Amino acid sequence: MDDIEIEAVAEADLSDAVLIEGLPGVGNVGKLAVEHLLEEFEEAQLVRRVYADVFPPQVSIEDGVAELTHTEIHAVETPGDGPDLLLLTGDHQSQSNEGHYHLTDAFLDIAEEFGVEQVFALGGVPTGELVDEPSVLGAVADDARIEELEDADVEFRDGEPAGGIVGVSGLMLGLGSRRGLDATCLMGETSGYLVDPQSAQVVIEVLQQLLDFEVDFEALEDRAEEMKEVAGKIQEMQQQQQSIASDDDLRYIG
Amino acid sequence: MDDIEIEAVAEADLSDAVLIEGLPGVGNVGKLAVEHLLEEFEEAQLVRRVYADVFPPQVSIEDGVAELTHTEIHAVETPGDGPDLLLLTGDHQSQSNEGHYHLTDAFLDIAEEFGVEQVFALGGVPTGELVDEPSVLGAVADDARIEELEDADVEFRDGEPAGGIVGVSGLMLGLGSRRGLDATCLMGETSGYLVDPQSAQVVIEVLQQLLDFEVDFEALEDRAEEMKEVAGKIQEMQQQQQSIASDDDLRYIG
Amino acid sequence: MDDIEIEAVAEADLSDAVLIEGLPGVGNVGKLAVEHLLEEFEEAQLVRRVYADVFPPQVSIEDGVAELTHTEIHAVETPGDGPDLLLLTGDHQSQSNEGHYHLTDAFLDIAEEFGVEQVFALGGVPTGELVDEPSVLGAVADDARIEELEDADVEFRDGEPAGGIVGVSGLMLGLGSRRGLDATCLMGETSGYLVDPQSAQVVIEVLQQLLDFEVDFEALEDRAEEMKEVAGKIQEMQQQQQSIASDDDLRYIG
Amino acid sequence: MDDIEIEAVAEADLSDAVLIEGLPGVGNVGKLAVEHLLEEFEEAQLVRRVYADVFPPQVSIEDGVAELTHTEIHAVETPGDGPDLLLLTGDHQSQSNEGHYHLTDAFLDIAEEFGVEQVFALGGVPTGELVDEPSVLGAVADDARIEELEDADVEFRDGEPAGGIVGVSGLMLGLGSRRGLDATCLMGETSGYLVDPQSAQVVIEVLQQLLDFEVDFEALEDRAEEMKEVAGKIQEMQQQQQSIASDDDLRYIG
């Protein structure tokens, strides 16, 4: 196996294709968003797998069958007038610094192979607390895009995200722009503590406005409900632990 | 020395050879199993050594003589009708992420050189507690194999092993299957705390059914007895420490 | 993107150019110094960007626009008779050991492209406490330079800096000298706890003597005043915390 | 600079040369031994410097002059009938796993360039406590050498050194033997807590027997005296701390 190996699974003839990347990250917002799109677009077709020696050296098991760590790219010929989509997701990011650069280059090579000129990197920005109505923050390679994004409810806040954008999503902007691609990062606000389907939904809602497609959100809303229950239980447990601690303090002083 | 160097020590003309890999891991189950086969098959002949700059930079010493870290592959022309065997073991795995991939590729290159079409990766799956009658869990590259393995008492449990399979054993499945090899991982249940000869034995018993060979188990059973004694003493010591701790608690409150 | 990629942004015809390097380090002395020179020399022109897979895989965001981690080199055709300047700075150093060597080589390649024969690496040397009147310590590739530097108020103290000089500044000396370049490291004394504009200023004052240029220091002096206030507040907070701790001790014994 | 760069400083016509390696390690025994030989053999001539991107990216400073991290090899045309010597030492070992292998290969390439057929790697073996009369333990690439070494007072103890030999000294044996070189590791017993000139001396005494040379030991004996004083003071301080701790216990219970 080469250091990075691209397996051509199938071909697709896409028009005006846009790459949408959603790898694991804060709140898994990007990954949840892309996985939701893969479920909702029945016509999604696996076109490429990317294997790399910088991925964790492991296989995942499902129904007893092993699968080597990889990133998948699916092609979607969308029903409407909007652009076709290349959806990129996986379970892992690079385990090495240099690997992030070289993997992102491989992903952009594949995108350019399909004629892609516009790239969206999806992720989460941590707020440190549960957010009722998460906003979508943006970052771009070229400021000419900002107005159109603000019209689609993307917020550009001064000094945010603090610390920039790390990992493949950041490199999609950085390396994508150096290739002359139109690159945008959309980040849903999320606590940072839990996987966040609600944040994934608001990010897709922005994409729907920009790319003129429409998907159903019931599956994501159900998962958001589940997460709200989980979050509630965690808060209960934390309060119980704090009261026990107070009791312990009393006994100690006594 | 090249990054990975394969030393051809001898040649062997094998028919219908099967690779069996047993490197250090959970409970050292795979390593113990392969070492036991090497002891029992007197006709085992060292054919290859693999050196690599991703192995720990060290030599082991035996009778004052140094040996550079390496993986060994022995060829066994088995007495019966069953396939011949290529037995792979060593004291260390790769120290780097990328190294796991490239070493496994080297091992599979050697296997293919000997006409191998089927690969077994042996290991342990940790249960967290001592197990009286360990089962053997399985994972495959191709689900067509599952039935035959279940007939040989291999269990396929939903969601296990949790977290997939990490290291060379997992890559044997992942990279092996991408080369069109028939790859299976057999994992004996083990506590995860101790080296486990009993678990190694049940794994070999499965292999015996599948590959039509037979070995004696006395040496492994003796080691299993020793380990039971060691496990017993550790439990005693832990109970003593806990009672001392209780006494300390009493003195503290007093 | 290659492992190290040099982007030629513009060209400049420099005479007798000197490279001045100021990357992040102790007290950020070198970085502050070069950034100050970039502000003061209006004629500074960006000539090169250096990208590398050993830089953190991230983009910084300013006004919503992303920029991939890189090192910048600006050319300054200085007004007076002194040499022209190549000013090198950035937000990050290499994240890998080998990367430090290869990046420094790339920086020196660029310097040689512009006919540079003399190199200054700027940094800080930590004293462990706030210093009222920081000195500038020196280290050279060739002892023939020591006298001229001492005349410019650079101090060469026996055994300092203890532990040598680590990172790109040290390699500027080491690799620069092996290329036959005249290389000097100037290190302003600094506490090591805070970013230190005052230390940056004394380093520039030495450079002014050596390279016959002149800049205004008001901006740096303003920042030094701010840092003095910050340092004062931190000392207050520490004293308050210590007195609270003492009270706690009393309550415990009581 | 290449990944590993060998600088030819001078040439020497050696007869029957033997390589003696002493890099930093346990008790710095090997390094002290080789540095002592370099002081005692006035005719020692620097022939090679080895630079590498796996060495720490730093320069050491002496009298204000910087020197890039490197390993040095000196040639000694010894006065007597014994073999000439190639003495290898430095301040650092590789910072990466793979680097140990590639550096050792570079060192052995240089040795073979000078017609070396025999290699001695010097080091320390930690005993965990101060040793009055340290022995020298041995390990070889070829057991044919054991008898001659035992005649020179080298001890071969079963199971020692436990854990084998790690780093360049171990690889000198492992890679040296794979090149057909006669390789021996001599390890002086040492506490492991302190630099140990006495252990370095006993190792050199063995080499004197084997290689028919003679050096004076006064400088090493002086340093051994200093270390004994330092060791004594450390023991005093530890005893004082323990008695203070006991007093604290009494106050606590009271």
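Lettered A, B, C and D in written order, each chain numbered from 1.
Please note the rule applied: a contact is a pair of C-beta atoms (placed from the backbone, for glycine too) under 8 Å apart; a residue touches a chain by one contact, two chains touch by 3 or more.
Remember, it's a predicted structure, so these values are computed and weren't measured experimentally.
K.L.:
Could you run down the chains that neighbour subunit B and subunit D together?
P.N.:
none
K.L.:
Subunit A and subunit C share one sequence, so how far apart are they rotationally when you fit their Cα atoms? Give it in degrees, rounded to a multiple of 5.
P.N.:
An angle of 90 degrees brings one copy onto the other.
K.L.:
Have a look at where subunit A meets subunit B and say same if over half of the interface residue numbers show up on both copies, different if under half do.
P.N.:
different
K.L.:
What whole-Å value do you get for the distance between subunit A and subunit B if each is reduced to the mean of its CA atoms?
P.N.:
Once rounded, the distance between the two centres reads 37 Å.
K.L.:
Could you grab the centroid distance between subunit A and subunit D? Build each centroid from C-alpha atoms only and quote it in angstrom.
P.N.:
The mean C-alpha positions of subunit A and subunit D differ by 53 Å.
K.L.:
Can you list every touching chain pair?
P.N.:
The list of touching pairs comes to A-B, A-C, B-D, C-D.
K.L.:
Can you name the residues of subunit C that touch subunit A in the complex?
P.N.:
1, 3, 51, 53-54, 56-61, 63-69, 95-96
K.L.:
In their complex, what parts of subunit A are in touch with subunit C?
P.N.:
Checking each residue of subunit A against subunit C gives 94, 97-98, 100-102, 104-105, 138-143, 146, 156, 158, 160-161, 164-168, 170-171, 173-175, 177-178, 183, 185.
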